[in-house]
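Two complexes follow with chain A in common, the first pairing it with chain B and the second with chain C.
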Partner chain A sequence: MGTQVKDVIIKPDAPSTLLLDKHADYIAAYGSKKDDYEYTLSEYLRMSGIYWGLTVMDLMGQLPRMNRQEIIDFIKACQHECGGISASIGHDPHLLYTLSAVQILCLYDSVDALDVDKVVEYIKGLQQEDGSFAGDKWGEQDLLRSVLSQETFGKMDTINVDKAVEFVLSCMNFDGGFGCRPGSESHAGQIYCCSGFLSLTGQLHQVNADLLGWWLCERQLPSGGLNGRPEKLPDVCYSWWVLASLKIIGRIHWIDKAKLRSFILACQDEETGGFADRPGDMVDPFHTLFGVAGLSLLGDEQIKPVNPVLCMPEDVLQRINLQPDLLS
Partner chain B sequence: QDTTFLSQEIPPVFLCFRDRKEWADLEPVPQDDGPNPVVKIAYSEKFSDVYDYFRALLKNDERSERAFALTSEAIELNAANYTVWHYRRVLLQALSKDLREEMRYITAIIEEQPKNYQVWHHRRMVVEWLNDPSEELEFIADILSQDAKNYHAWQHRQWVIQEYKLWDDELDFVENLLEEDVRNNSAWNQRHFVISHTSGFSDAMEREIQYCLYQIKKAPNNESAWNYLKGILQPLGLSAQPGLLERVLELKQTHCSPYLLAFLFDCYEDALENSKENVAEEEQQKTLKKALEICQLLAQEDTIRKEYWLFLGRSLKNKHGSSDPSDEPLADDPEPSVPVSEQQEMS
Partner chain C sequence: MAESEEEVDVLVQRVVKDITNAFKRNPNIDEIGVIPCPEARYNRSPIVLVENKLGVESWCVKFLLPYVHNKLLLYRQRKHWLEREALADITCTLLLLNPDFTTAWNVRKELLQCGVLNPEKDLYLGKLALTKFPKSPETWIHRRWVLQQILRQCSAVGWKHQRGEAEQADAERSQQLSDHLARTLHQEMKVCSDAACRYPSNYNAWSHRIWVLQHMAKGNVKVFHDELSSMRLWVSMHVSDHSGFHYRQFLLKELITELSQTPASTPPSSPQRRHSPVPDSTSPPPSQGPANGELSGAEAAAEEDRQLLQLFHQEVELCSDLIQSFPGHETLWSHRRHVFYLWHHWRREHHCSSNGGNTSVRLNNSDPTLAEVSAQSCASRGESVNGQGHASDAMEVDGASLPDPRDSKRLKRGVLLPGPPSLLPAPPTLLPAPPHPAL
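What follows is the complex of A and B.
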């Protein structure tokens, strides 16, 4: 029953062992190189970039190598009057970067560096009539990760959870997956956000776990890698979005773990450290985090256990007493 | 991360803003990376210059033609900077700029950077201001001709169609795309979107089933077609559709695939779940046996999902198996080896 499937071929000389030290060196040095054009141009997402870097370092037990105080000061300088946090200084606040900032401060056990009440107000203010959340006050629609922030602060009652749940469920499609908006194509990244959201709001029972689990395990290609929707190439970040979703809905054993692991390892760059989206491509911190986090979910003992809902080390969540539901 | 903007050509002759006399009145605001910069960044000279002046304009909330022109420069250097786009929208309104000209500008940017979130959002805003979607379907079709699965394009398309009720030709559009590439999952999704918002699936069901089977004959290993077929039938139940099982069994002879087998399994499962009162126990067990055989076959053929197929077989057996001790257990059906850290229950 073989067929021409869109996939990659892993070369025999692709990396097959985990090069954690190289990855730690890569992240620690990231951004300190002069004339780094890519770093300059990614300023618009700097806060998320820092979250990716710090989280992967913590998972590898290397967090102390990063500059804690400087980062906390940076975050403080990014909090605006309205409570929202921007990607970098001088940028507008945005939900995505507010979330990243909160996550970073959880890693550092310094959430009090923020005016928490103001952040809560900001997020609350972004909820739309249909239950969804705008990304910023200008209305660009975005993902529902605001719930994480509210949950972290113990302020879930400030948002209209029922409406938000209603919106998420309206994004459920005929194939069991979720799209960005009602009617949008099912997409693994979106499924991850929706599963995480339903976990945090105690609504996982609304998911058809068998149907969704089937759609998710169908993402695995012969190379062992996972794609984000049918007929697309595998990408190491999907070894996070898909895998974490499967873990949340209790079906992680439906994919072939050994094959996935070998795909993820093949995405490493032995010279520079870091992970790329697929074998042979250029590395970046984003894919490095998700490669390492994916391996953690697969049970690699050299890496700290990672929480599938929040993509943060489990020990951090234990410290703040946040244990989102998972299906079994 | 999309880095297509890295390939932007810098024009050969660029006069820095700081050297332009008509900008002399403005004090540029240098990059502020915070009290203790995490890193020392060396930006390109042009980038620093443009953004220093952008920050100055922002600080003064200047609403002028030169500010507007500068946003274009800033966008060219980094089209993902949402602060710049927002400022540009403020200026578009404050200066009563020609929105049709702006649409041409947006079109050019999307052509170069079709996966940039900000520019698609910007386009939607301008279309709303103009209250004129007349160019949209053709424009999106053009973008899709370059990448038929561009998620931003499809999302914008769905918004335009719903907002302005432009449903009429969309099913034809979808069919054309599926003629070009029957595996285009986005197009299958759009098909579902159109039909569910227009005729609905009750009258259209037979036509849609025929359409799926026709496409499956052309390309049997097509996840999208099978997902679609299952998706439209699921609400009523797969076994409720007269003649469907027979048609699929017929197809099995010539166009078999893991998807077909999985679909067959779903048909049998549905039959077991929703059996009528007068269905004999013996009949049920026959159906169960057929279903279990399929699981076996799939576990052997689609090995990467072996755990899933074994799970399906086990759970069906648990639910509908008879208490007959002579029933053979599924061969090659040990308890799955689950890591200690995962306490998974097969439900």
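What follows is the complex of A and C.
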């Protein structure tokens, strides 16, 4: 006589096959009506939105459908004097969007479209005394920023890696997980960032893989979906954060892959294309990327292999010769 | 209804003015929202103010937001000048509609820095935005920046006071600032509480709450105690709220840190307990040491042990009650595990190393599980774990021959236990492992 576990119920008529063409059409058409109210509301994260859209298109082998030159010009217009890049034209620069921009340019093999030295200088200037990074000149520090800053490909020697590692480890909790600041609650998104960071810096041995793996695989619910913390509903983006973390620490076999796959597929919208956070909800590019990336990690052969640390196609990373460690 | 560009211009400027005037008319507005209203009513403002609630009719939002959004960006790109007042009004409107628009908050930071806005205004604006968007990360981030400005201002005065340079007027001012800080602290607790009620397991609200205590109440035992008691009822009514329970774990950990400092290692006046900007207004606990001449070092240590034991006992009791009243909540089992970990860690760290394994404090043995754990803990190796700690000796999963956890988990889901959890045999780990939380 226990309580019902918080979860969703997948209806029998939920999508059960992968509708890649529909998703490609959805992303290709997204944002074509640029004066849409919803589009304005999300402009503050546009650069990340573009990264999500382009990455999922590339994973589906559909990158050529996107307007490469327009996007590169857009990125150039977003680089500020300080070297930092903003989410959209006229917005203030920020580490998050600087990194999204760099990732986009990697997909297009055009990192030199930016003043790379200035970008490196901007990021270096954001590192704090305790090793963490501020997101921008106003100083909010947290883990996500520290971690993402490592993705300035090949320029890690310009920042104090040891201090950054020290900070990341100070955010490790006794349940094996990581929070956003020392003392904060463990959270799957933060865990993903930290595992990725420790992978990029060759520090994965600092993770208690069994303990963390246990916490992570506990995220799987009867529906097959994954949540981000105890007693939260499943969400398709966690089929990325949690799954990729498990892959990085070598324990992806600790979850039921078949059930997760059927949950992810159920999150598709057969009419509009795209993925929602859970079956029946509204779709968006963010969940579309993580749904497709999750399926790739689970081994779907219709999708390009995705790198679990950087959430980019493996072939892009091979091109730039970046192969982060994974535990086995 | 088609509007020409000029008509939209005029309309939006009127709406922004209406919003500004609403705040002037009623400084007690405590909630914002959008009123579903697909069509404008002739010549009536879309801004509705009823009983401290500010509403915007939905039909105008699609005009309002893009207009103020683009206006702000034109300003930011130096293509269009805006007076400071206008900037304040426009960013206010924008952030009430879209509080994750970071650039708008940054403009306000600049206005704050040059004195056009005072910090209280932004705390108020943020509070309102959170009534509709209780998770908004950028709102919480801006809030922390504003609080840091306030703390910086206050500590500048406080430092002068401590150095004895303060005169009578300054001393009064200093007291006023202390009170102001205490009020600010309590206001933050309330804002966090409200946001936590509005969205279940609101990570951002609770982690902000922790940040506030870490920066405005460091070492303030009374505040931690008060928070623990005031949150007791709340968590009992939100047994799925993992963040709420994590907050209690944080409070316990802070109290352990504060109360575990023995007088031998801490100077009698305990300055490190007093570096909270918010004054500890109650009389100091008896464990202040020889300074007040009441208790000796050993007695003070014993008293602190008793306090901590009582805290643990109460927490475990609360947890047991809730588990029995609301069976099958993963959050409650997770909390139980964390509390036992804290208990286990404290026993090993504090008790065995300082007393060489001698239990000088008698446990109230009404909770057999605590006694069982303490007996095991003193026998274990006394490794020190720093602050948050590496998980190296954390809640150890039996490392010997780890079965594929997938098997036992899949099998155990949905199976009912015949009796209360304490009847399960403990696996060979340092801590009794909980049965599967779904049970």
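Note that in this section the second predicted complex is superposed on the first by the 311 of 328 C-alpha atoms of A that agree within 3 Å, B and C clash if a C-alpha of one lies under 4 Å from a C-alpha of the other, contacts with A are read in each partner's own complex, and residues count from 1 in each chain.
To be clear about the criterion, a contact is a pair of C-beta atoms (placed from the backbone, for glycine too) under 8 Å apart; a residue touches a chain by one contact, two chains touch by 3 or more.
Since the model is a prediction, treat every value here as computed from it, not as a measurement.
In the three-chain model built by superposing on chain A, chain B clashes with chain C. Residue contacts after overlaying the shared chain place A:W214 against chain B and chain C alike.
When the two structures are aligned on the shared chain, A:G90 is found in touch with chain B and with chain C.
In the superposition on chain A, A:S170 makes contact with chain C only, not with chain B. Touch criterion met: A:Q206 reaches chain C, while chain B stays clear of it. Legend: residue contacts after superposition of the two complexes on their common chain; A:Q69 is shown touching chain B, with no touch to chain C. In the overlay built on the shared chain, the residue A:N321 is in contact with neither chain B nor chain C. In the superposition on chain A, contact of A:T17 is made with neither chain B nor chain C.
Of the two partner chains placed by superposition, chain B and chain C are both touched by A:W254.
Steric collision with chain B, judged by C-alpha atoms after aligning on chain A, is confined to one stretch of chain C among 114-122, 168-176, 294-302 or 384-392, namely 114-122. Taken together, the two complexes place residues 1, 3, 5, 35, 37, 40-41, 43-45, 86, 89-92, 94, 136, 138, 140, 173-175, 179-181, 183-185, 187, 213-214, 217-218, 222, 229-232, 253-256 of chain A in contact with chain B and also with chain C.
Interface of chain B with chain A (complex): residues 1, 3, 5-6, 31-44, 47, 55, 58, 77-78, 80-83, 86, 89, 117-118, 121, 149, 151, 154-155, 158-159, 162, 183-186, 189, 192-193, 196-197, 220-221, 223-224, 227-228, 230-232, 234, 256-258, 301-308, 311, 336, 338-339, 341-345. The touching residues of chain A, counted against chain C in their complex, run 1-6, 35, 37, 40-41, 43-45, 86-87, 89-92, 94, 135-136, 138-140, 169-176, 179-185, 187, 206, 208, 210-214, 217-218, 222, 229-232, 253-256. For chain A in complex with chain B, the touching residues are 1, 3, 5, 31-32, 34-45, 50, 67, 69-71, 73-74, 77, 86, 88-92, 94, 136, 138, 140, 173-175, 179-181, 183-187, 213-215, 217-218, 220, 222, 224, 229-232, 250-256, 259, 284, 286, 299, 305, 328. Chain contact summary for the complex, chain C toward chain A: residues 61-62, 65-66, 69, 73-74, 76-77, 98, 100-103, 106, 109, 138, 141, 144-145, 148, 201, 203, 206-207, 210-211, 214, 240-243, 246, 250, 253, 326-331, 334, 337-338, 341, 345, 385, 387-392, 394-397, 399, 402, 404-406, 409-410, 413, 416, 437-439.
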